[in-house]
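There are two complexes below, and they share chain A, which is joined by chain B in the first and by chain C in the second.
On to the complex of A and B.
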């Protein structure tokens, strides 16, 4: 149905603050793209630029190869779902969904059938006559989505749509959104700060930091080969362990902590100072003494299906998180021995943070 | 909160005394308006109603002679109604639109202009009454409803209240409306106005009562009896009390006073329900 292309898109506010630094992006037809990043990284601004709610300071944004820099939001053929739903409080849910259609001059029968159809898809048929305030958070969210889908726009934009919902509902709605998007096949851009949402929803993930796209790729690509230390730390929960390390002279090992040698198979110069990153799930318990890393338990979080162990490592300067399947009993100050596979170690340049 | 019986008793005593204190003069005015003028002249103010209510009120409502002018109380009530409604509706519309412009349109002078409007609070009608009169006179609007209402409908208070209200409306509503293809006028009519119903009711009540009670401006503006408002009418009737050798028309003056207070009371009572309903079912 539609592609969205960003060509060196930039946003500079009148006070001189540069929120977006030249982003290039090509979103394919029907693709679910997720913008993820910490607050203030510019992800919402970028979304609002696509929507036309923020002007574009430099560069170009095109929808279906048509540059829309100067096109009004209503004429871009997009629909947006807001974090706080932004439903019109004085209108009932039917009118909330129908409002955009009425303004576009659809006939009464057309509006009726489109709204009923959207309500059917979203299971809102029984609530059309009610006002938004009479609905629960999840239902309001559905009305907001209904308002977006009745128009059958070229592009869906979602601005943290689930962050006002409670945890359980969030998971349900997440699945529903994914399902809906796949069924309708509409190109979507979704903004979130929740990396679980990002990983599960995205066909393609864009990790943003400080107004720059740090990495663009499939969620698994980004998980397996994070391009920078920032991305490595942001994607994955619990976050990746970072250890200051030095590459051994034979280039076959990195030395972490108090002289612990870890095997690596990276193409890297000997003697270089690097940051070694190891995901908590890639550390495993070894029989006592056989492991590479010897560390002391500081705290244990049992989640049932898995156990998170926080450890002090070496002389105590480094902390390591370990993620184990199932339940385990550890006491504070237990000594554990851990192993790690060479291909699960990520190395990052200590200066630039870039992946080596 | 726990309240002892003694406390409930004192609270109610104070409230009842306060209410009586407020209502008593009105009651005495009403009771006195139902006697003949001779009776009042001989016996002073009355606490109990007499038997001439219909006669007195009928005369004042329908007989121009009773008010010593060429206009009946009914006509004066109509004039007052036109002034009160025009004043209140005009103020609501003008201040809503002014606030809309100030809050939603980013133009450089928005903030200074708002403070200019706000500073006119320092210039009540009494201060600018001579120049205002001059302007209206030059426009040939003396003795007309337009001249009576138009110079009064700019409202800094109203603009301020609407501005504060609009600023509390979430920006996402505007953005959602923009995406839904609503232009500035549509957004105003379809979204902002329905959301402001409570505010409109509140400002309407206040402004209607203020407009109804206007005295100085109508007094200056209207030299034609036909345009007298009821507040001016009261003044005229009292004036005429001492003219001529007749017995003063106290009961009719009281009747006029009572009638002058009824419409504002009704407006407050009727709109207050809506106002409270609006407050309870908050729409935001």
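On to the complex of A and C.
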């Protein structure tokens, strides 16, 4: 049980590249924190800094109020699950899990019982004598998890642990990880580029971009009130629609495309050029001509439970995605009329991308 | 399972023909000749020969100089293999950790590979020359009474040193690539699990390098057996009194200098048998234990 605190943590590589720009973060005891962002945003680097696999260039990282900048990885009392499992190929699965315990001087009977217990939780009891290469991807992932949980560390670190698994297994393991973490109550930091994983696992989500934490909050907070255009576009699938817009002089509307007026309820200066964002699920079909936006179908994706419609509107420069429940039959070039939920419109500064 | 059979044509045989020809002319035919010669006894002038069955073998096996050479060969080979593997493993592990100027380090450490064995022998010969050799002088100035011309142990030390030096760079290349073949995440996982770098090396890195080490052991023993001929011929020539003559060198001395073709052929046949047994043993018993 532990807290993890980052105080202006920075990472600059010897070649001068700054991967992490001063991040402040306080992870509470038992909290499941997810770092999410596109590749190259520094999320893995940040995790590796907490693990001690990357040095910290400036600032401080503390575990349980103890600064660990100079503490060896093995002394930080953390356990990490790697993307490619990183199991020791020459050891059988029992030894893989026992290795960390042996090096910490646990007694033989202690090791035996701890590994058996972890194997029971992860349903690996029948595979302990085998070597990692004799297991399937999902089982290897379990061994890697087992190696982490046998030690009952202060902090779990996960570096995209599910991205090498197939889609179905990924969903199963996702639930299992969440379940396990809640049961053990161990503070966890989880890195992923998959926003579904991020939304479902996180108690608290950190959206990173270019070495900066763009927004920190609960998944729902971030979904409902994205702090920047980047966050708005990254969280939510399919991605939010962005329209170049202008605030009307009376401040009550935004004008998009070829003079389409949308009601808004924002505190914003009239005449200002902005980016208006609306999620595909906050658009709905209206009777012909009654909606706010009239658009033409470009492509349809039917997923069964829902249908995604990609439309062009205005002079064709703008396009929007519409998400409808159930199945719908549309043909290319069908004209549709869409209603926008006014209270779901997000406005972003056109220059800074910040939420208005 | 039924194999797919394609129509046969002569073209593939044409492609392998040059290789088969080379092997036949330079390997199979001489080997057959050696076996044949080993049953013959020739007169001193090479004018006539007579079939003597296994007498040559009996002579060889009962000769004191042959057993002495065999013992030296075993000590020499094991020493060369173990010492050069140890040194190059150490160098490879250290060079793998270097970040700045890694390429220059590695290139320099590999350079020795380009030196031909006789050249290495010549270099050693010069360094241990009693008149101008720096190492010879250095050893003696430290108070060792070093004299490889007369002392068998000192002479053995010289040939082992040269042979090891020549082989370190080859082993280094294999160990370095072996080290780089260990996934970085596995090593990182180990740093989380084990604080002591030394313990990590023996429990993770070294076992993962075991197949490489085994391969090098085979290569190095073969090298020490056969390829060190050039080194010995240029440096000690088997002196003093045959103390540094490996079996291969002795085959050459007895056959080409001593003109005992039958005896030297018998020796080379014995050598062939020994190496075959060694190879079978290595692959049967050791290889099984090193692969993970």
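The rule we apply is simple: the second predicted complex is superposed on the first by the 356 of 356 C-alpha atoms of A that agree within 3 Å, B and C clash if a C-alpha of one lies under 4 Å from a C-alpha of the other, contacts with A are read in each partner's own complex, and residues count from 1 in each chain.
The criterion applied here is as follows: a contact is a pair of C-beta atoms (placed from the backbone, for glycine too) under 8 Å apart; a residue touches a chain by one contact, two chains touch by 3 or more.
Source: prediction; values computed, not measured.
Asks: Let's test your reading of the overlay: on chain A, do chain B and chain C clash or fit side by side?
Replies: When both complexes are placed onto chain A, chain B and chain C end up clashing with one another.
Asks: Answer with first, second, both or neither: which of chain B and chain C does A:256 touch in the superposed model?
Replies: Touch status of A:256: no partner.
Asks: Using the touch definition from the top, say if A:2 reaches chain B (first), chain C (second), both or neither.
Replies: neither
Asks: For A:264, decide between first (touching chain B), second (touching chain C), both and neither.
Replies: A:264 contacts neither chain B nor chain C.
Asks: Please work out whether A:189 is in contact with chain B alone, chain C alone, both, or neither, and reply first, second, both or neither.
Replies: Neither partner.
Asks: Take the contacts of chain A with chain B and those with chain C, and give the residues found in both.
Replies: Touching chain B and chain C on chain A: residues 51-53, 72-74, 78-80, 82-84, 86-90, 99-100, 103, 147.
Asks: Name, in rising order, each residue of chain C that touches chain A in their complex.
Replies: 183, 185-186, 188-196, 199, 203-204, 207-208, 210, 292
Asks: Taking the touch rule as given, give the residues of chain A at its contact with chain B in the complex, in rising order.
Replies: 51-53, 72-74, 78-80, 82-84, 86-91, 99-100, 103-104, 133, 147
Asks: Spell out the residues on chain A that touch chain C in their complex, using ranges where they run on.
Replies: Interface residues on the chain A side: 51-53, 72-75, 78-80, 82-84, 86-90, 99-100, 103, 131, 147.
Asks: Using the touch definition from the top, list the residues of chain B that touch chain A in their complex.
Replies: 170, 172-173, 175-182, 186, 190-191, 194-195, 197, 283-284
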